[in-house]
Amino acid sequence: MATPFKRIGIFGRTGSTSVNETLTALIQLLELNHYPVCVEKETADAMGHVHLPIVTKEELGQHCDLLIVVGGDGSLLHAAPIAVDQHLPVLGINRGSLGFLTDILPAKIDKIPDILQGNYFAEDRFLLTAAVQQNDKKIFENHALNEVVIVPDRTPHMIEFEIYINKQFVCSQHGDGLIIATPTGSTAYALSGGGPILHPQLDAIVLVPMFPHTLSHRPIVVDGNSHVEVILSRKNKDHSRLSCDGRPGYTLSRGGSITIQKKSLSLKLIHPLDYQYFETLRSKLHWGKKLTKKG
Amino acid sequence: MATPFKRIGIFGRTGSTSVNETLTALIQLLELNHYPVCVEKETADAMGHVHLPIVTKEELGQHCDLLIVVGGDGSLLHAAPIAVDQHLPVLGINRGSLGFLTDILPAKIDKIPDILQGNYFAEDRFLLTAAVQQNDKKIFENHALNEVVIVPDRTPHMIEFEIYINKQFVCSQHGDGLIIATPTGSTAYALSGGGPILHPQLDAIVLVPMFPHTLSHRPIVVDGNSHVEVILSRKNKDHSRLSCDGRPGYTLSRGGSITIQKKSLSLKLIHPLDYQYFETLRSKLHWGKKLTKKG
Amino acid sequence: MATPFKRIGIFGRTGSTSVNETLTALIQLLELNHYPVCVEKETADAMGHVHLPIVTKEELGQHCDLLIVVGGDGSLLHAAPIAVDQHLPVLGINRGSLGFLTDILPAKIDKIPDILQGNYFAEDRFLLTAAVQQNDKKIFENHALNEVVIVPDRTPHMIEFEIYINKQFVCSQHGDGLIIATPTGSTAYALSGGGPILHPQLDAIVLVPMFPHTLSHRPIVVDGNSHVEVILSRKNKDHSRLSCDGRPGYTLSRGGSITIQKKSLSLKLIHPLDYQYFETLRSKLHWGKKLTKKG
Amino acid sequence: MATPFKRIGIFGRTGSTSVNETLTALIQLLELNHYPVCVEKETADAMGHVHLPIVTKEELGQHCDLLIVVGGDGSLLHAAPIAVDQHLPVLGINRGSLGFLTDILPAKIDKIPDILQGNYFAEDRFLLTAAVQQNDKKIFENHALNEVVIVPDRTPHMIEFEIYINKQFVCSQHGDGLIIATPTGSTAYALSGGGPILHPQLDAIVLVPMFPHTLSHRPIVVDGNSHVEVILSRKNKDHSRLSCDGRPGYTLSRGGSITIQKKSLSLKLIHPLDYQYFETLRSKLHWGKKLTKKG
């Protein structure tokens, strides 16, 4: 049995009735089980009237030892950097359909007291840090649980760039950009872009070319500890943009360089003991179930 | 500097004039440098008249500490299981165009004396062992440096099968079969089948579905130490076939089960010190070179 | 209103209980509506005891003006060449799940009397004729409603071949073979192989390379009246096989040539008036439905 | 022999030394052969000093009966709408490497006098017209020889939209957008996006989904005379953008509708008599050449 959780923080996607209903049911359940509960400020503001302690997202770590996120995978992506930096494990409750990261359905929240007592499976999911250097000085840094994306600032322009892995030149590419994804992100945007599925416990990063002009480019999977560098061509017609987990991003100059590496701290994702990664995949991708005994 | 090599064994694809020419030039070079040389029996038979000691492939390990393979990647695939079981490192000389495994061009064989003296880079490449069980007894086993393939015994029938990873059910699939490839094999047949490129130093296995009936199947990359099991449906119209590295293979009954795992011994592949993996990829796949300084 | 049908022939996949039940229900319905009905001989044999006229498949055209096929798309593929040569329109009843060709579900067979009275939509679907020449003499010919496939006789060998369209050289390819599909076949095997969906009313043929060694090969769509020729390399290690609509096929010698062209007669496929092609696609491929009015 | 050309207009990508050299050589050649030559104004401005009549692009049709475009495929895309509306055939001279549209290399311009005398092959290439309606009024219209693209106004947002073909609902999609390409455009951006190659003489349009969230979406090829409509979801987070042939484009409101149809006038593209479409494909995509006679 794993370490039980004692004080619970609540974080939820704001502005949705179904999320609010689940938040209310969750808080009732936690109070019934005598857990001290605090609510993240923006979540509390969206809920309207909250009788519980309200804390800013930066202070969550001082008031709880588990963060429960209610919403879709997007909410968990939003909460991830906050949780990671404060060493807070995260448990995700989905608002409707099954997610890759939020694997508890609202109808199953009665599983939670059991989880809190230590009956859970904790899984480390690493993040990527994307940094932009200029004249040997770091001028931008951001983190991604799913993926770092480098795209033209304005479509439909193409961009040209060089890729280096551990300082070795890989190739130059001309196209719509590049996705650099974690195993967690391999089932998100990178999958739509033709990337492979990386098992979450594989220590690897995948580079997925976006609409490459040269047709023989393929996704490349490298060790999770690799140092990836992307250098933008000085000849690009326009600026490029760096985006982490779909957030608006940072504008990159022509000739600029971006380095992408594993972040030292990783996210601790809490699952119920009956969690099965492949069951989520089968369900979301309509894959074939077990053949019948006769099969 | 790495351990120098002292006694050299020669292995070559038989029946090609260009390979014979390179074999002859190689032997001259080795003799000029006073290396004891032995020739594998089938290679010697194909060369015609050989004034050197001739040994069977099973005895190579007793007479040499390095096996030089002349031919294409196919020759190296053929030599690999022989070399691995006798703990013999392998150096590959290509017969014309660059290969992924045979990275010394005939025109560059003058690099070899330097390599033999210890100026080389040794890389471990793991193999897969595919085994067939029946009534808890192993009835077939074979090894693959590139890939294990499970296909219908007769095209154009489709087959149905279940996949398990570390005893966890992944999915059932209906299609033309399944490729299970090593990083080494990820640039061979699996790449034609839509699989990603796995860096050779990544400890991973990729499962590539072949023409799956369900369009949402994708290649899955799992840890290199995973236990993969494929169970054939009892309803398949015909038998299936198991093939390692493109060899003719073994006929599998309906309902049969195949397990695939990393082989305990791996191949030690010898490269010149200036070897660069990505240079081979760029060259063979027509990828973009470095952009100009102005670029 | 289209021409009503007067005499009905029945053709069904043999050996399935669910097909037999639908066949029985269908015959009752037709008799209740006073239609003369005949049953194809193999179908009748599989049903066991049939009180109706039994005719060989070659004589169907003399006894009916519509062939109703009960089973899956495979049954309709089987019936297609028989129906085409006897100018018989075909109506397909599926045995369970929706098919691309058999678009009436067993639960909806009460639509049939209305269809027989002329309330239907008749669609022409063309077939391909694959022919093998030797010394200017045709030595083999077969027809495909879905696709012609050229593959190695024994996997996992690869084959090499040249493609010509209207006598113009297209390219040589090295791989697992080639699929040449009609619009009808574009949602079958060719789709698993990465081909595009061709609308059934588009007069076009698609060539889909199978696991090509060169990664820049792509499906090519040409006019439906094109003359396609495939010439097998004399250097192939083994024979190749020509297969039409998944039937076992014909063995092709090294250096042999296959021509593929539209068959002059096409299949007349009968649909209910509310038939919608894209509805079948959405249903079978889990595509998105209409967005809500708010959407 | 086709109709000879008598008066030549010149159009070139501005600002490149190599284009200027080819323009100069071309003008010398035409004058040597006593052809009246006029130069489009922007081209003349970029060349610096031109001793020939200079005309605006709108007046080209009054002064010449053939437009020679010097540059890459991009220059020809730029010239296409100008030429089409003035019924001017176009001949493309590439500035270096072979293009799909500009198939005469600078080293081969001595072929041109022969072409002008009528020894050419004229090929019709159709364009698409994209129009935006609001309250039953057309508020925007543009034309594309290659493709119409609908994308989010700001990456990395996704957009949701419905597709209709000939007023029949096809599906809703959620992703990075949609490419609607002509056969001419099928070897441009649509090819990078996973679309098939459509033979230029095929009367068809291809719809290529861009990074669709649902993995079973595939390119769909429909008749060239189809009426395609795309309706943007009202729920999209941001505006979308409509772009023709890579031009900056038009901003689309949430809930907006775009119709795409074949333009009534098509481009007449002039090729030398030895032009072969597939030769360009082989050359640009590194496809296999003819096998040797022994092959």
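For the reader, a short list of remarks on this structure follows.
Just so it is clear, A, B, C and D label the chains in written order, and each chain counts residues from 1 on its own.
We adopt the following convention: a contact is a pair of C-beta atoms (placed from the backbone, for glycine too) under 8 Å apart; a residue touches a chain by one contact, two chains touch by 3 or more.
The model shown is predicted, which means the values in this text are computed figures rather than measured ones.
Across A-C and C-D, the chain pair carrying more C-beta contacts is C-D.
Centre to centre, using the average C-alpha position, chain A and chain D are separated by 40 Å. If each chain is reduced to the centroid of its CA atoms, chain C and chain D end up 36 Å from each other. With centres defined as mean CA coordinates, chain C is found 45 Å away from chain A.
In chain D, the residues that touch at least two other chains are 191, 214-216, 218, 285-286.
Taken as a contact graph, with one node per protein chain and an edge wherever two chains touch, the assembly is complete, since every chain touches every other chain.
If you check the complex, the residues on chain C that touch chain B are 149, 151-152, 154-157, 175-176, 189, 191-194, 210-213, 215-216, 241, 243, 246, 248-249, 285-286. Interface residues of chain A facing chain B in the complex, by the touch rule stated above, are 160, 162, 165, 168-174, 191, 195-199, 201-202, 204, 206, 214, 216-223, 226, 233-235, 276-278, 281-282, 285-291, 294-295. Those residues of chain C lying in contact with chain A across their complex are 214-216, 218, 286.
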